[in-house]
Amino acid sequence: MELEQITTLTTETPEDEIATAIDLVKQFPDYQGQLLQYLPLQHPLYSGRSANEVIRLRGYMFESFGHSGLPEEALPFVLEVLESERNAYLVAGAAIALRGLTKAEPEISSYLLKAIGNLKLSDDAISFASYKPRWPLPNHTTGLLEICKSLQWMGADAMGALSALKELCEDVYINDRVKAEIKKAIGAIEQVEEKDQPACCCRPTLARADVSVLQTRKQLTLDVEELVLEDHSGKQCKYKEYFNGKPAVVVFFYTRCDNPHKCSLTITRLGELQKALATEGLEERTKIAAITYDPIYDYPFRIRSYCEHRGVMLNDEHRAFRIESGMPSLLRYFSSGVNYIGSIVNHHTTELYIIDQQGNIRTHFQQLRWQVADVISELKQCLKDDACKGSSLSGPGRTLTSFVSPVLSLLIVIAPKCPFCWAAYLSAAGITNIHVIRSARWLLPAFLLLLCINLFSLYQGTTKRNGLWPCCLSLAGILCIVSFVFLEQARMMGYAGIVLVLIGSVVGCVERHALAGFPQSNLAHLQKLAPMDSRRQRLRSAESEKGASRYACA
Amino acid sequence: MIDKNKYVEDLRDQVEVVQGQNLSGLSDFRNAASTEAYKEALRNVAAISSPEDVGKAIALLQDKQQDISVREEILQKTVSAIGENPEYIRICLRILSDGTEPITLRKAALGLLKTLSFSSRTFVSVRSEYMVVLRSLLDEPEDSLREMAAEELSKYKDEFVQRRLLSGLLRQETPTVTDAKAIQLLGYDIHAEHYPVVRRLLESPDSDNVTKLEAIHVLANDPEAKSLLMNLVLDKEQDRELRMSSAMALQSGHPRDFTQMAKTLVLDESENKDVRSVLLNALTLVHPVEKVGLHEDRQFLEEVSRLHTSTTSPELKKMSSRYLENVRKQREQ
Amino acid sequence: MGSLTTTKKNKTANTGLDQARKIPPVVPVITGAFELSINNAPSGASYIGWSLSACSLRITNQPQPNLNVILTNRGATGGQVIFRTNYGDPDQATLPLTLPGNGTPVTFFVGGKFGSPSTDDQDGGISVTDAATSNVLHQRTLMVRIRKNANILTPAERDRFLYAYAALNASAPDYQGFLDSHNLDADPEIHQRPAFLPWHRAFVLHIERRLQFVDSSAALPYWRFDQPSPNVFSPGFMGGTPNSAGRVSFDSTNSLRNWTVNGTTGVIRVPSFNTNTSGGNVMNEASTLALGLNFVNFRTMEGNPHGRAHTSFGSGPITSPPTATQDPLFFLLHCNVDRLWARWQLTNNLWNTPNAATYSDVGSVKPGDALGDTMWPWNGVTGGTRPPTAPGGPLPQLAFPSKPPPQVTVRDVIDYIGRTQGNSNYFDYDDVPFT
């Protein structure tokens, strides 16, 4: 019952019910994994909700991980909040979530430092004691205080943040109460005996997630191909016309984004990327597209000005686009991390895509801040790849490719991949033809046993896969087969039974996350943390600063 | 020719006089002990800045027995000093949240805190405490103070005030502010969820024109309100101000639709002249990119030229002149 | 209705258009064989302030005998000018020159005559008169373009300014840059620091120059917030008496009727003072100028009167930092803040740097306060201690080499008046003379 409360949240679910479901996870920590499906911002759960409602839900969700434990798959979402958000409730939830980790990685401290920087001008009083509290409250905390507590929890693992924390003790924008907590964090770091200190006392550079590389190229679909794009000058073209012949960089933005760490920064960095492409001699060999999430408001003159004011030079190969009709198809295709209330964006992630010469998505940099050097590297690789060289397919060739690919994909999907599935397939096929081999009736129990083993394995996977549906489908299939066996006239029942068992097995093999658009296979990559873009370091150190840059290695 | 040197000398003399008055005022303030003496002294003081004087001033501020006008003057004269000290800021927060203090003093305290938000780093560091006090004021019995707190919170897109305002509009609880004000304040966050209820209020016959006007301005951001706004503009029986504001809202949200409609109504002799004037006013400001097609519409230009010649309305004459001047400049570029 | 063509310049007569537009008779400008350059421009509309502009005059039909001429004002009305032979010379109402017959230019300086600014575009000018015959040989129009008290603008000046302002606002993304440069995230970069005044001087100059892209004759007026300004708070200007929800009213012909920010239309503003009889709840000007003899004391004016001016309203976006630029009054308010600084500099004769009395970065905690520091967002530097993005681009430049440069520094705006030759920012206030 409780499980269903957690796993069946939809766009229609009232906010308070969602909060109740989250509270259940706090009560039953084993269910923490059920919340993972709701972390991607494109999940229907967030559709039709205001920006503040989305923030409340996500903040509350993150905070629950601090109690129930933080699954590793959730870590990139948490780090994304610390890196880019400036709402105290959301950031506090993320900071608390980190304390649900079994072990802290030193690099995490740099995210907490970044969050302090983002929040110190807009810190706020918050409370997770209940959902949607009614002020005034007897007790409350603040975003900065929770970040400090997480740093205290890290203890010696936050050694690299020590000098930055000492600087913060002198920061005029931070009040005494927060400074007291910072001093506690410093104490927690320094109290660890020297022999127990981590090997590297270097201040961690601002870490970023590794590239989320889709291992399988995401094929362009027909409905997206035909989408009409209107650019910053009002000129129109089809998707397939623009994304054709050269690899392209695609980012999303909208001009009414009120978080300067998101769209404004994305477009600013797109300008930096553009300059880097020119330096690398790739300007003529690549394309850029900045697509607005908000086509109804973002008319061409708005997107033009927005991009140009942030240093992006727009021309025929580097364009800003709006898509007046068909935007949902595009967002589905890109699995874009955005959601809406009506037609207005309520929340979104930061993402960059690389499209190959045929218009297929090749690479997806998601959640954490992409680095110019990585994007350049991927573009170079794309140009080197055979798939990116040569002329584009056209006409019949392109049509053939568009048919072959989905058919092959379907075959791959339905082919049995595990012993249980093989057993199911063989037993279903065998049992329905048992009447042909009259002498082999003794095999009947064996086939039934294999089917039952398959059924049991599907039942065991209900919590991780797609609930009870695969199990139910296979059970229905088995019943049909059995009725065919014992009622030989019900031949169609036998065939129906085979189909049901097959479908049940296939659905049982597919991960829930893949259905929600979250590439499970990339999670492992998201855990890796790497040094900051050296160019950004040079930009900062070029300015005469009064203290060392917070993010430079001591 | 004005003697510039004398001009500067006169200016210096004025400043010297004021400096003298300020010093004299500060001296009187130090020696003052009665309400009248304080009032007289503070009249001549521009700012209190020395630590001793500030200490005395803060003590007066905290003295509930002290005359209200003296305490309010203290708040005026110690802006910078209070802004540098978190404890002084907290004193102001306590005054603001203290229901036993006079309303005028509490409003003066809120005014000071809002001033510090422009000028004080120390204020930024205690912002979270400020937000707590503002939220507590949403239950304040005094209307204007409650409204000021709601407005301040709305500007920061505070989620609690948004909940309160929306539930007030939906009559799920006693409204915190009037419907018109609630709509206006919710409009500070375009990503909020108020558009459906605002549309309903605009269409409701029970809503007064002030409420409807606020609804119109906020619905400029709501694509689903397009037909509602369009119908308002075209309905000649509607209040003129509502029609004109709807036109402006359409221009913001749907510039292409607005342009076509506006051109028609400008030339409609049966249309109210103020409405025509406002629409023509707006057409002079259509964005350059959108002007392609507008300025090449020769028939419309001819009609506006004729309007300029024939109209007796000073407003229409002025607007048509401005429109034509604009076209001329565009062509010369 | 309507037809589309693609030609931009339509040379065919539009009789209706021309007939409707009665071009007012213009006093003809006499043109002779001379080249009179103002700020490196030999022709075209010219704009000067009180600060001196470099000029040159030469004969163009050389060779000729040397010619003695006298430079005078073109007329007795409109903007008036003074002349100087050298930068440091006293003002002269007329200037005798001897022009070489070989066409070599003679240089001199011209500035607006304090107290006699223009009220219309190109209503002033210079006449070149033959010293022997008193015949006018050549003329050049100009405008003495000055920032004025908004309360005393003529209706025409007011309407020209409002149109340019509304046009800039209507090109939403352009005005958005100003909103993005003055919001909560930009706050520590632009407030609560020594460079508060220099930064806002550059900010105000930026928008003024953008206004001049729309209408070259536009100058940003200032709201004198310590005095009654009934004309400012009227339906023909910044908005009249607000309704019960705080929404101000505009005349149907007021360009600000179209004011839109982030897609929301209209203006909310409720004064806490009687706009007909008093100024805002602020320290008066004399007291402001008396705050101190050095910059460290003077800059406390950031709280009062600057902050107080913002919060002299009971309601409206202008009362809070994250929303202040949403109100069109914002730039008029800050123009006055800058004017007060200029008046203080004039009173204490503080133009030179480095001089701690003129400017001091004491109290600075981050880059952007020192004299040589470039200022965000014009320097395009982001990240670290600076905001994450830098919208708006570099500071718009004049057509001739001048200060401040595109990446403006703190120092560049201190001597805005050009007390030292070459420092002028080419803007002036009606009550701050060039001395």
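Each chain carries a letter (A, B and C) given by its place in the written order, and its residues are counted from 1.
Criterion: contacts are C-beta pairs under 8 Å (C-beta built on N, C-alpha and C of every residue); 3 or more make two chains touch, one makes a residue touch a chain.
As the structure is a computational prediction, the values presented were derived from the model and not from experiment.
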Category of the chain touch graph - line, ring, star, complete, other: complete
Centroid comparison with chain C (C-alpha atoms), farthest chain: A
Core chain by centroid distance, with centroids computed from Cα atoms only: B
Interface with the most contact pairs, given as the two chains involved: B-C
Rounded Å distance, chain A centre to chain C centre (Cα mean): 49
Distance between chain centroids, defined by C-alpha means - chain B, chain C (Å): 25
CA centroid of chain A to CA centroid of chain B, Å: 40
Residue numbers of chain B (touch at least two other chains): 121, 124, 156, 190, 221, 253, 287-288
Chain A: positions in contact with at least two other chains: 121-122, 172-173, 256, 297, 301, 304
Contacts with 2+ other chains: residues of chain C: 171-172, 184, 187-188, 262-263
Chain B - residues contacting chain C, complex: 1-2, 4-5, 7-8, 11-12, 14-19, 22, 46-47, 49, 76, 79-80, 83, 111, 114-121, 124, 144, 147-148, 151-152, 155-156, 178, 180-181, 184, 187-188, 190, 210-211, 213-214, 217-218, 220-221, 244-245, 248-249, 251-253, 263-264, 274, 277-278, 281-282, 284-288, 293, 296-302, 304-306, 308-309, 315, 318-322, 324-325, 327-328, 331, 333
Residue numbers on chain C that touch chain B, as the complex places them: 1-6, 8-10, 14, 16-17, 19-21, 82, 91, 93, 113-115, 163, 166-167, 170-172, 184, 187-188, 191-192, 243-247, 251-255, 257-258, 260, 262-266, 268, 272, 281, 283, 286-291, 300, 302-304, 306-308, 310-311, 314-315, 317, 319-323, 343, 346-347, 433-435
List of chain B residues in touch with chain A within their complex: 86, 121-122, 124-129, 131-132, 135-136, 138, 156-160, 162-163, 189-193, 195, 221-224, 253, 255, 287-290, 292
Touching residues on chain A, where the partner in the complex is chain C: 86, 121-122, 171-173, 255-256, 260-261, 264-265, 267-268, 297, 301-302, 304-306, 308-311, 536, 539-540, 543-546, 549-551
Partner chain A, residues of chain C touching it in the complex: 171-174, 176-177, 180, 183-185, 187-188, 262-263, 364-367, 370, 373, 380-393
